[in-house]
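One structure, as structure tokens, below. Some questions next.
As written, the chains take the letters A, B, C and D, and residue 1 is the first residue of each chain.
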Amino acid sequence: MAQMNLLQAINNALDIAMAEDDSTLCFGEDVGHFGGVFRATSGLQEKYGKARCFNTPLVEQGIMGFANGLAAQGSRPIAEIQFADYIFPAFDQIVNETAKFRYRSGNQFDVGRLTIRTPYGGGIAGGLYHSQSPEAYFAHTPGLKVVVPRNPYQAKGLLLASIRDDNPVIFFEPKRLYRASIGEVPEDDYQLPIGKAEVVTQGNDISLLAWGAQMEMIEKAAEMAAADGISCEIIDLRSILPWDVETIANSVMKTGRLLISHEAPLTSGFAGEIAATIQNECFLHLESPIARVCGADTPYPLSLEREHMADHLKIYEAIKRSVNY
Amino acid sequence: MNTDIYKEGQVVHSPTFIDGHSVDIPILKVLKQDGSVYEGAQLPELEKEHAQKVYRSFVFHRVLDERMIAAQRQGRISFYMTALGEEATTVGGAAALADQDMIMAQYREQGCLIYRGFSLEDFMNQMFSNEKDLGKGRQMPIHYGSNELNYMTISSPLGTQIPQAAGYAYGQKLQGKDAITMCYFGEGAASEGDFHAGLNMAAVHKAPVIFFCRNNGYAISTPSDEQYVGNGIASRGVGYGIKTLRIDGNDILAVMNAVQTARKYALEQSEPVIIEAMSYRLGAHSTSDDPSGYRTKEEEAKWEEHDPVSRYKAWLLTQNWWDEEQDKALYEQYREQVLAAVKVAEKIAKPPVEDLVTDVYDEVPTHLQKQLDELKEHINKYPDAYPFTAGRF
Amino acid sequence: MAQMNLLQAINNALDIAMAEDDSTLCFGEDVGHFGGVFRATSGLQEKYGKARCFNTPLVEQGIMGFANGLAAQGSRPIAEIQFADYIFPAFDQIVNETAKFRYRSGNQFDVGRLTIRTPYGGGIAGGLYHSQSPEAYFAHTPGLKVVVPRNPYQAKGLLLASIRDDNPVIFFEPKRLYRASIGEVPEDDYQLPIGKAEVVTQGNDISLLAWGAQMEMIEKAAEMAAADGISCEIIDLRSILPWDVETIANSVMKTGRLLISHEAPLTSGFAGEIAATIQNECFLHLESPIARVCGADTPYPLSLEREHMADHLKIYEAIKRSVNY
Amino acid sequence: MNTDIYKEGQVVHSPTFIDGHSVDIPILKVLKQDGSVYEGAQLPELEKEHAQKVYRSFVFHRVLDERMIAAQRQGRISFYMTALGEEATTVGGAAALADQDMIMAQYREQGCLIYRGFSLEDFMNQMFSNEKDLGKGRQMPIHYGSNELNYMTISSPLGTQIPQAAGYAYGQKLQGKDAITMCYFGEGAASEGDFHAGLNMAAVHKAPVIFFCRNNGYAISTPSDEQYVGNGIASRGVGYGIKTLRIDGNDILAVMNAVQTARKYALEQSEPVIIEAMSYRLGAHSTSDDPSGYRTKEEEAKWEEHDPVSRYKAWLLTQNWWDEEQDKALYEQYREQVLAAVKVAEKIAKPPVEDLVTDVYDEVPTHLQKQLDELKEHINKYPDAYPFTAGRF
């Protein structure tokens, strides 16, 4: 075990993946010599050479097109999009190509070896274009897997699983936690399961569900609620697509209440899907409406960032409303 | 970086434009329409047997297009696209490549598949989207694909295969394969952002890929002079620092010559090459299109004179590698075969209901299994409404 | 009044818009001389000249970038994307630019005059790339309006309202109905309200909600249910963003049941947002879980199209399940 | 279409590549580093007063960049980007345009705003994202915009302004305005698909826009030789059939000369022009960047010798339009002004809570009004947690 921050855990996972398989490549804008603007790929070019870890020209649709081709060819590309806010020029390559590659060819060709890494999320004074959480855009796209880790241990295990998964995975990295989140991480190889949520803390009165950096917010809110004698079950969804209906439904059957929180704007965010599914699965067990505490339905503002965010206080208030319904 | 602007290079002291006329782009021609060869023209490597195979591909192509247009009119298939007048670009391209080279095409490149031996049954099963279709009946007619023949499954969104081809070729290079990637696209698709992305990525990362632009004058109804105002697509190769050739696309010997040269260069230098083949889409864009709404019969007639198939046949005749009797027999034989194959394929069952949910992922995940189970139950309740799948599970 | 099909109604609306304002432009792939692959812009170039109605090069991101620039400049662009399946290369221009233009500039600049028209939807043997219904991707994007008409009358009135609305509007046209849907349409100018749902048929037992071509499906299912003595309230949402919570909530308070149906895949489709919101608004009135009958969570297949679709039979069965819950 | 391949043009009979070397791109230079003018060089239109205004803009720019870097280090603002070494491209560009021309920039073009008279207060209010910011405090520092000064608000996604500029200019043309659009971008951004889209759209639709590429050798850490392998960005102009100029970007007289010529051409011919200005980003990419991780001090030192500001100053001195005393005084004056302005701006309140929901649409829709109302109620419960907005409604 070693102390690592989230960036180091990711760098370590990439290192293991590149060491074990010659056909594994890391590339993206500034990913090579410099090691990426957040330094997630630091040292990899030195270790594995310029042919396997390199800068690309500044063109996200090209990065993803190139990655799709490499994956179809049998290589194992790990493509970085510098900020999730800049993934949209590659939207067609991801949604129309990556996601549909296997299906349209009748499984003659696939891009299952592809992994896309990208830092997402707000709370860092990044304004409109360094704060977005676009997971819901991809969650509406059959054929993709979408994964979000909450801490260094999760990041390493989930990233290794994503790289080895035989389906294309978008791996969203909570950039607010890159250096802020530090924890024990095994230096050896390990994997955590994709498609499985994790019950982080058991509780009885209400289930709280989030993913990525937002886990901190629900944990803080749960602490406040605990002081009021409210016992929260805390769940990390971890995989947005496919997602673990069973674990969430089981928890809600027990607690009778559900609150979902994400950073992205409320409307048509992924909490909507979860709420819609769970009200169907657990209709007779629900003691109050499923609550969603999410970003405001606006672009992500700079100076009113706090007002925009689904912070622990807003979540805490919603917990109380739910429990007192 | 860039310090060299203070060292060398041509300097001017008043603004001096360069523009589309600043580069001369010669066009490669080998065969004249009468089947004779331009003086001093370099011929591609091409033995008799190979030359005949090429011609048989031409004839098969013509017959397939002719019959499938008819089949579409009769309502037997829903959609078709011919490549009438452009067959030299694809048959010639495939004939100049090695079999292990990956072909990533746009949609009008059935000529490559024909040359590589995609079976008549495979063509038919795809077009009738039956359960024997290699693509499991999921895509519209003409979206062929063959892993065995190194022909990437066609995808409708235009231009997306261009950066993919760069990546595919980069992988081939990295793994030391004796193979390159051939990437076809139209002059219309060359306007997509993915074109720019793919060419620059390939150039910078030195991927052994041939970008083959079929410039056939139209993108559906849009003539090429509303598509670009530069000197065709070839002039863009200069900007990417990519070796570039422009060729007469109706001259199959020029096509083969260019592709052989380009392949050798791409493989040996590990670098991309772009080829622009000037041709003309003689038919409609697809069976959903009627070109009389946007161009004249006269224009079409002019291009009929440059027919690639008769030009090549004339050359074969001068070589004494072909005769008229063989020709007639071959057309007849293919016509019969195609007709027979249509009749077989249209009777083959549609894919089973399970294929709705397979291949979305490598394995069927829980939520899709649940959707499938519910669907089966539903079909059992209303078998008449789902005639292709009812009673089959 | 005249008999028009949906295409003619759209063509008629475009004609009125171009006649009334010299700065109104129509463009897109094959939109000029040819009048578009579906002929929606037929005759407009002849009437208004090549400068105002024209073909563009084949580049969706360029079409939308050009349109954003024109709208910011003060012109009134109506950009066509040939099929909604091909809107994704323009996703960045729409989601990062169009939607955020006014907000990021503090209302110094805006692209409110922009309208995007695009044919969407399945049921026409179009396979993966001529069948998609991508409205939910845009519904997660504050700053956009999203509108879908169900018939010629609605199409003309809503399109004119969209063109004149001082916000960017994506106008999804149900291409399956282009020629199939015929109805009475006033030849004069009129507008229908954006942001308002319409109760098409009153009913008591369950509310059925859809939009666009899917309206036909819920109407057929309602007929079948009527034969069983089930009285359905039929609602056309018409605007996906912003959407009319009040009308839907009022209906559900009355009927106690809600079924939502759309063509797009179930997961993270817009029905999820509606269900999540309505279970919150109407929690104590719901007599059964809100039902969603949507496309399967797969790419859109060709030969198994019927199996994939949310057809009237699947809806009818879901109505019965809901009523018998 | 395309029939002319059978009529005219240069024909070859064996494959003959063209490539990046097939076009010569001369570079325009007017001023030498010592302030003397190249023999026979054409000077831009530039009177004494105008020339001094240009120089004052240079000095203001240097002072602003220097002070704001310091302010960022002190934690007073969160982020900053200098344009050190590249100021001639923006100050010179704006000085050669008309005020009614729209400028659509990338982010490193504060020189244009300075020249056009964006006030010190406006700069500060934006960087401190306070309630007087014209952009309502919504974007990161340096994302300026001014409707009054025809300077489009900066948006971070790279390249998006390029096709927008084509559309903007097309609208100007259609409405008969005596104005063009000036579109700035970096050589990195020129790799985006939107670049290809914008240049081709402008060329085909004949939009009066100047595409001005600041080729400063780097895109963050990526040197230009990992960005492209062609002959810079100018060589792409050939492919689009667009009139193209390459200039010494550290030579403000060359910049003004080129932009004046390009503007005249764009307006009179209703056509786009592309200018590639060769320069160097002397500073870090931004305050979040440290260039020592990817380049050497020696390389930087080489470019310091080509400083555009001292070059222009040397020229002004030879003209007797400026002297060292004036120079010193001006620097001092600006330094004081900037410091004072920082102190004022940082005390101005943040935007009110209502600005969270305004301008998403032209009017605040029901759902956002509801979100605002709930937020206000919440803030009243926890005023300490929202110090900028609590107690202000």
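Convention: contacts are C-beta pairs under 8 Å (C-beta built on N, C-alpha and C of every residue); 3 or more make two chains touch, one makes a residue touch a chain.
The UniProt protein names, listed by chain, are A, C = 2-oxoisovalerate dehydrogenase subunit beta; B, D = 2-oxoisovalerate dehydrogenase subunit alpha.
Every value quoted in this text rests on a predicted model; they were computed, and no experiment measured them.
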item: Most distant chain from chain C by Cα centroid; value: D
item: Repeat of the B-C interface, chosen from A-D, C-D or A-B (over half of contact pairs identical by residue number); value: A-D
item: Centre-to-centre distance between chain C and chain A (centres being mean Cα positions), rounded to whole Å; value: 30
item: Centre distance in Å when chain A and chain D are each reduced to the mean of their C-alpha atoms; value: 35
item: Distance from chain D to chain B - Cα centre to Cα centre, in angstrom; value: 42
item: Shared-contact residues (touching 2 or more other chains) in chain D; value: 138-139, 143, 155, 157, 191-194, 196-197, 200, 204, 226-228, 360, 367
item: Interface hub residues of chain C, defined as touching at least two other chains; value: 54, 57, 59, 61-62, 85, 88-89, 92, 96, 100, 103-104, 128-129, 142-143, 267, 297-299, 301
item: In the complex with chain D, residue positions of chain A that touch it; value: 29-30, 32-35, 37, 54-55, 57-62, 85-86, 88-89, 125-130, 266-267, 296-299, 301-304, 306-308, 311, 313-314, 317
item: Residues on chain C engaged by chain D in the complex (per definition of touch); value: 23, 25, 51-52, 54, 56-57, 59, 61-75, 77, 89, 92-93, 96-97, 100, 102-110, 112, 142-143, 145, 166-167, 195, 242, 245-246
item: For the chain B and chain C complex, residues of the former touching the latter; value: 78-79, 129-130, 137-140, 143, 155-158, 188-189, 191-194, 219-222, 226-228, 288-289, 293-294, 350-351, 353, 355-357, 360, 367-368, 371, 375, 378-379, 381-382, 385-386, 388-389
item: Residues of chain C touching chain A in the complex; value: 61, 85, 88-89, 91-92, 95-96, 99-100, 103-104, 128-129, 136-137, 139-140, 142-143, 241, 264-265, 267-277, 279-280, 283, 286, 288-292, 297-299, 301, 325
item: Chain B - residues contacting chain A, complex; value: 102, 104, 133-136, 138-139, 143, 145-147, 152-153, 155, 157, 160, 162-172, 174-175, 181, 193-194, 196-198, 200-201, 204-205, 358-362, 365-367
